[in-house]
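For reference, the structure I am asking about is given below.
Just so it is clear, A, B and C label the chains in written order, and each chain counts residues from 1 on its own.
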Amino acid sequence: MAVALAFDEVEPRERAEGDPALLVDVDGFEGPLDLLLELARRQKVDLQRISILALAEQYLHFVEEARRLRLELAADYLVMAAWLAYLKSRLLLPEPPKSEEPSAADLATALALRLRRLEGIRTAAEELAARDRLGRDVFPRGAPEPIEVRSRPLWEASLFDLLSAYARQRQHQFNARVTLQKRRVWSLAEAREALERLIGTAGDWTALDAYLAAYVARPEQRATVLASALSASLEMVREGQLLLRQDAPFAPLYARSPAAEAPR
Amino acid sequence: MKRGHLAILTRTDEAPGLPDRAEAVRVAEAILFAAPAPMSADEIAARLPQGADVAAVLADLRATYAGRGVNLVRVAGRWAFRTASDLAYVLARDAVEPRRLSRAAMETLAIIAYHQPVTRAEIEEIRGVATSKGTLDTLLETGWIRLRGRRRAPGRPVTYGTTPTFLDHFGLDAVGDLPGLDELKGAGLLEGRVPQELSVPIPSDDLALREDEAPLDDDLFAPLEIEAGEGGA
Amino acid sequence: MKRGHLAILTRTDEAPGLPDRAEAVRVAEAILFAAPAPMSADEIAARLPQGADVAAVLADLRATYAGRGVNLVRVAGRWAFRTASDLAYVLARDAVEPRRLSRAAMETLAIIAYHQPVTRAEIEEIRGVATSKGTLDTLLETGWIRLRGRRRAPGRPVTYGTTPTFLDHFGLDAVGDLPGLDELKGAGLLEGRVPQELSVPIPSDDLALREDEAPLDDDLFAPLEIEAGEGGA
């Protein structure tokens, strides 16, 4: 269905002078109902009291005019014209007594209703379009602040996890019983014992740090091991039981038994 | 008008019975200002201090902002702050001109809004012309209309309806607030030709399908093509 | 462009003869609300009614919003509406994310539970490895352990214990209900003979400090740092 009418001739459209009601300009109409509505409006009366007969005549006149101008009307305009011609004849003739078809008056009323409905929705469309529209007349917040999703940890642990973790610790200790007891402080006596073992085994200069590393069970014991070892070694040097050598300040300390032969 | 530290106090040792209304209003104000889209009263209530009366809080807030440069409005059953409409002239500079709908599209939209749920054939009957596929596509593209379901009738035509975005765009709380709806209804202009006994002459954008509507089912993505064949029926 | 009820707004003392201050405030309010980014006073001034004093308008607006859920603030010399800082929490949604404790944390927790009150050094002695600060922090975060006090001993190390939340989470009535070594063995969690000397002390999560515990006093917020220094002593 063609919505707008096409002109088959290039010649400028002729316009009936002086009578705008007969202006043959189908370009702006959207189908026959739209045209009918426009014609009805020109009757300048309430659509409810419109004369369908007059309207049908105007429409038919319009179509004739279009034909005279050799305008090609879309099929639906012609269908409407045929129907209106039929309606017109029905309206003019006396109503047959028991007809099975709807009466001419009913048909006219139905057409009027359709026109009113179209007009009603047109008005509504205009009112709708004229409303304060978002982004044209009213505006939302230009810089919305999105909801920040903060993840909150939900810690999961069962009593079983807790007990088995504890048991694991204790089990570890069952098995580790034989290892020497961990102490927070390495006593001088322990240091001396260790150094005496060193003298016994190492004939050559031995790096004290490396040797003592074996006694540092945990990192934080390093200080106490070194401190106690140093005190013990100084005492042993004084007693002539140990030789110490350091090549430069802060350089590694070496120790050996004075009894051993210097290899040099 | 209370300051932050006070507010925190109120939240922790909350007086039994009356929660602090002013604080609840502040919270609702903050939430609605920040929200990128309109929020339902329930969504707001979920964030208010316990026991706050969300309706009263919103009424307070609406009253506070009445007449201001920003107003609290209800759109699509939800709440949002919007610039006052009489200030459009100042803000128009920012406006990205919304796509102008053709007259045909605007009419089609109006028919969908006022007559929903409505089929393409019914739209055409009202307008008296065929509806081009482009018109419906354009409208679907705006996000203002949606395919609702299928009419339980021969050909099972797709039914169209409007969306909450439509209400938001046109500043409507509900389809019942459409302009001139009462006049159209009163004049009997909303009654369709179709199933008289089922037709309720009130538009409905309710998500629930009507009795005479069936779900779209799986041919969701090709409804227009399918419906196109129905025009002549 | 003035609305009827605007008079209500004229709360700001408006000098007669000057351009309508209230209207200028409304315009500024709407512009700032709709602005996608903070605006300079000059940009705002360019849109205000002729002759409006932008500084006064902004001062008015700032005063109006002071103490509300949304405030007018200056950001880098520009103006913008921002959620009141004390309400930041309403703009955040807590997503609960299930997380499991690391093995080290679980073991540390178990030792704290069984040996409380216990110091970090004691935990390390039992576990045989150093306990990272992160592990204790994580456990404090769970809300299952707490700093109890300080051991009356050289270095005054912090003592740890469990909280009522701990009992609640693990479904225990009291810490005394934690199964002993024999029971753990009975449950198949331990193997071998339980050495005599490995008895488990009776744990206490009593709020009252023990005789060998002193209160945390005022260095509450730096106990871990203080304790960290104690390792080498």
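The working rule: a residue touches a chain if its C-beta (ideal position, glycine included) is under 8 Å from a C-beta of that chain, and two chains touch if they have at least 3 such contacts.
Please read all numbers here as calculations on a predicted model, not as lab measurements.
Engineer: Name the chain with the Cα centroid closest to the overall protein Cα centroid.
Structural biologist: Closest to the centre of all protein C-alpha atoms: chain A.
Engineer: State the chain with the largest centre-to-centre distance from chain B, centres being mean CA positions.
Structural biologist: Farthest chain from chain B, going by C-alpha centroids: C.
Engineer: How many angstrom lie between the CA centroids of chain A and chain B, rounded to a whole number?
Structural biologist: 21
Engineer: How far is the middle of chain B from the middle of chain C, if each middle is the mean of its Cα atoms, in Å?
Structural biologist: For chain B versus chain C, the centre distance works out to 40 Å.
Engineer: What whole-Å value do you get for the distance between chain A and chain C if each is reduced to the mean of its CA atoms?
Structural biologist: Distance between chain centres, rounded to whole Å: 29 Å.
Engineer: At least two other chains touched by the same residue of chain A: list those residues.
Structural biologist: Residues 139-142, 145-147 of chain A touch two or more partner chains.
Engineer: Identify all positions of chain B at which a residue touches two or more other chains, and write them in rising order.
Structural biologist: In chain B, residues 33-34, 81, 83-84, 91, 94 touch at least two other chains, as defined above.
Engineer: In the complex formed with chain A, which residues of chain B make contact?
Structural biologist: Touching chain A from chain B are residues 33-36, 73, 80-85, 88, 91-92, 94-98, 101, 103-104, 106-107, 109-111, 113-114, 126-130, 132, 168-172, 178-181, 183-184, 187-189.
Engineer: Once bound in the complex, which stretches of chain B touch chain C?
Structural biologist: 1-5, 7-8, 25-31, 33-34, 47, 66-70, 81, 83-84, 86-87, 89-91, 93-94
Engineer: Which part of chain A faces chain C closely enough to touch in the complex?
Structural biologist: Listed in rising order, the residues are 139-143, 145-159, 161-177, 182, 184, 218-220, 223.
Engineer: For the complex, give me every residue of chain A touching chain B.
Structural biologist: 1, 3, 30-34, 76, 113-114, 116-118, 120-125, 127-129, 131-142, 144-147
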